[in-house]
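Each of the next two complexes has chain A plus one more chain, namely chain B in the first and chain C in the second.
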Partner chain A sequence: MLGPIAQNLVFGIMVGGLYGLAAVGLSLVFGVTKFLNVAHGELLMLGGYAGFWIFTLWGVDPFLSLPLVVVCLVLIGLVLYKLLFARMVKLTEENKIKNTLLVGFGLSLVFQNMALRLWSADDRGITTAYSGQALTLFGVRFPVVRLASLAIAVVTLLLLDLFLHRTYTGKAIRATVQDWEAATLMGIDIHRVYLLSFVVGAAVAGIAGALVSVGYSIEPAMGLEWTLIALIVMVLGGLGSIVGTFVGGLVLGVTQSLTSYWIGGTYREIVALLIFLVVLVFRPQGLFGSKEG
Partner chain B sequence: MLTVEEIDAGYKDLQALWGISLAVNEGEIVALVGPNGAGKTTTLRVISGLLKPSAGCVLLRGRSLAKEPAHRIVELGISQVPEGGRIFTGLTVLENLELGAFGSNARKVKDQSLQWVFGIFSRLEERQRQRAGTLSGGERQMLAIGRALMSKPGLLLLDEPSFGLAPLLVEQIFQMITEINRQGVTILLVEQNVRAALELTQRAYVIENGRIVGQGSGEALLSFESVRSAYLGSS
Partner chain C sequence: MTGKRIITLVLIIAVLALLAALPAVVSRDSIINMAVLVLLYVALASSWNILGGYTGQTNLGHAAFFGLGGLTTRLLWLSAGWSLFPSLLAGAGAATTLALIIGTPAFKLKGVYFAIGTLALGQVLNVTVGDMFPMITSLPVQQLVSYQLLPRYYLFVGLAVLTVGTAYVLVNSRLGLGMMAVREEEEAAESLGVSAFRHKLLALVVSAFLAGLTGGAFAFYHVGYYPQFLFSPVWTFDALMMAYIGGTGTIIGPIIGALFFVVAKELLALRLVEIHLTVFGTLFILVVLFLPGGFVQAWASIRRALVRQLGARGVRLASRRQAS
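Now for the complex of A and B:
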């Protein structure tokens, strides 16, 4: 009896780490720029395909190719920002959210159909020599690949947290999140801060996508589900806290996994959305966010 | 040092400033006083580059700031303490001060500036590890001023530094402003607390409905009839 529960708990934590990673990118971009980029899931999808093709065409190990995936997504992020999002910097906060929603929906359609055209609707996944291996502890299986993915998710989030708290640029980003006008009065060029946050958000989404392609599978239409997940986790964790977002990801992952076990797989999404609503109603600042920055 | 020439500025369809001209000389404290909504804050926003004027120009040591974005104007030596301080409450006191020295020149001398600011506001040194959101009202204002000083400005713009503070604290803050000025920082001060401002400054401009309606030495303005009746509550 306890065995399956523990197993589902472990699987939930492993996928939850990726949820956290997916959400941190969205949360960083939203916090700094107030751009609600609903094409965030598509960036994840692109990261997944980048990892998949680098492995399939050149045989590069998916964990070793992560820096390459990051480079791809940084470039994509740069182009998207310069071409589309930079135009919306000057809008009021409300119009920013509205316009970026529209642009994001458009982008997600474009990327989905492009992926469908180029790479077909097939589910793809990376199968390495070590893909089937697992550690077993007290009867609970820890698949090596997912364990490594979780570790990379944690390390990425820690590095991001260090960057935001220890470097001058990171502090400028946090200041801009709080009050962009006061940040400008410090001599901070907020356009650069916006660009940087957007690109870092895209890069982190790329890492998450590549990890999904190793431990799970990817397909052109996966973006919407991941955008939703990222949104839910962002609200769960509360804006502005990386640790909170990560824990929010774990909470969602574990809840989904246990729901699948006890009630059935089809209810996973419903339970996730229920949590989302309950948090929005009773704790809109998030489980771990504070009301004040 | 600073010359504002015939500035028109506003928001969308609403013009807030009409031909504002003023000058601040090196080493002075100059006050800009006037009632709520007269255009004091808007004037400072134009000088800082947060709002670009529709006509006229701002010159710093003879150099036009028209084409400079707001973040560059800080590096050129104008630093503003906005109304209410607007410190970064989620960051520590030290982080707030560090951000004040964000520009590349200011960053090189950050440690010296920090000692300078701690010399003026010793309270900030005691509290440097605290989150800025935990500070009291007076300490927040000190942090806002200290943060602005970290950019080593030639000209400091202060927007209502006495706002919301108890009279005793106002006096303290004004003493500190005098001290900062004595150490070589030129100051343009916006105040609603007209009497206190005029006692502090050598010169002042009176602004009403977006226009400069009077100017003179602080003492002269204190006896200026319309100022007395309008702001000092005596006829």
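Now for the complex of A and C:
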């Protein structure tokens, strides 16, 4: 009786780490730029396919190819920002959120449709020589690949946290989050800060996507589900705290995993969405920003 | 009655006459089916526009109302043996009930939070229905044998007219003015005694009723589909894109958007295999970034430029005549 529950807890934590990673990118971009990029899930999808094709075509190990995936997503992020999002920097906050949401919708359609045409609707996943291996501890299985993914998620988040707190650029980003006008007056080039956060957000989404393609599977239509997951975790964790977001991811992962075990697999998503709706309704607006609250 | 009004009236009568006479002019079923699709999208996009365009509340869960209407109508009409019109009304009623239930909590969310909340709500229904009704729903054999396209076509004509008409009457009423006031500046509207919540709820309920009716008409029209299909977020996104491309917050915008969407999709699908979503997605992004008023606004500015040019020429001509 306790065995399956422990097992589900472990699986929940493992997938929760990826949820946290997916959300941190979105939350960073939203916090700094007030861009609500609902194509975030599609960036994740692109990262997943980048990892998948690097592995399939050149046989590069998915964990070793992560830097390459990051490079791909940085480029995509740069193009998207310069081409589209830079045009919305000067809008008022409300219009900025709304327009980026709409542009993100257009983007998600475009990416999804292109992925479908280029790579077909098949579920894809990376199967390495060590994919089936697992450590067993007290009767609980720890699949090696997912364990490694969790470790990479944690390391990525720690690095991001260090970057934001210890470097000058990171401090400039946090200053912009607090008050962009004051930040501008202090000589911070907020256009650079915006660009940087957007690109870092895309890169983190790429890493998350690549990890999903190793431990789980990817398909062109996965974007909406991951965007929703990222939004849910962002709301659960609160804005501005990487640790909080990561914990939010773990909470969601464990909740989903235990729901699958007790109620059934299809209700995984529903429970997550319901929690999200309840939190949204009972803590309106104050959730994302501490500034207004 | 001013000249402009007479022209509009003549145009409306011409369009209605064309719609009524269409089956007599073209006999090919494919054209009628395409017309049904246009009318369906006119109704869906116009119903979205009441809340999304005129009241400024970006509803990303519109498919839930469309789907619930379709599901209820199909169940009552096919399984419970109700006749068509009560089933359609019940479908619209179910969608309206959902709107009334979610209205109070949903409108606690402002702006983009409302958008995200409705998106999540739509997904809850989408997943639940997929789980509860996993089997395909097909018309039984005796229905298939006697399947007639024309009654279905005229049902959609009536539906589109009803939806556009309702939207027109509503937005030209005192309530419609209140809705637009809420869209422009919620706090200012409140300070003038316009209850934002009541106007939003009214817009949501009307929008949901019409979307539910549209879903019911689809359930009557379509031969076989998975019940979950009607709850797919694609319905929301299509309606939203049509409204934006045509011009949100106008009566004619969603109509133009729907017509453009279906015709362009048909043409694109023939030439370029299934990349129409890429094309529409791109077009949609361009409209949001550069042409916030859609085609309607583009046409207005072109016309203004033309009038200015022609006007200038007229003045020049007149002054020349005076000089000579």
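Going forward, the second predicted complex is superposed on the first by the 280 of 293 C-alpha atoms of A that agree within 3 Å, B and C clash if a C-alpha of one lies under 4 Å from a C-alpha of the other, contacts with A are read in each partner's own complex, and residues count from 1 in each chain.
Please note the rule applied: a residue touches a chain if its C-beta (ideal position, glycine included) is under 8 Å from a C-beta of that chain, and two chains touch if they have at least 3 such contacts.
Every value quoted in this text rests on a predicted model; they were computed, and no experiment measured them.
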Touched partner set for A:V247, first chain B, second chain C, both or neither: neither
First, second, both or neither for A:A208, with chain B first and chain C second: neither
Of chain B and chain C, the chain that contacts the larger number of chain A residues: C
Touching partner for A:G106 - first (chain B), second (chain C), both, neither: second
First, second, both or neither for A:Y168, with chain B first and chain C second: first
Contacts of A:R87 with chain B and chain C, given as first, second, both or neither: second
First (chain B), second (chain C), both or neither touched by A:L185: first
Chain B versus chain C as contact partner of A:A115, first or second or both or neither: neither
Chain A-touching residues of chain B, taken from the complex the two chains share: 48, 50, 69-72, 74-75, 79-80, 82, 86-91, 95, 98-100, 102-103, 106-107, 133, 147-148, 151
Parts of chain A lying in touch with chain B, wherever the complex brings them together: 168, 171-172, 174-175, 177-179, 181-190, 240, 292-293
Residue ranges of chain A touching chain C (in the complex, touch as defined): 36, 84, 87-88, 94, 97-99, 101-103, 105-110, 112-114, 116-117, 224, 228, 231-232, 266-267, 269-270, 273-274, 276-277, 280-281, 284-285
Complex contacts: residues of chain C adjacent to chain A: 58, 105-106, 108-113, 115-117, 119-121, 123-124, 127-128, 130-131, 233, 237, 240-241, 244, 273-275, 277-278, 280-282, 284-285, 288-289
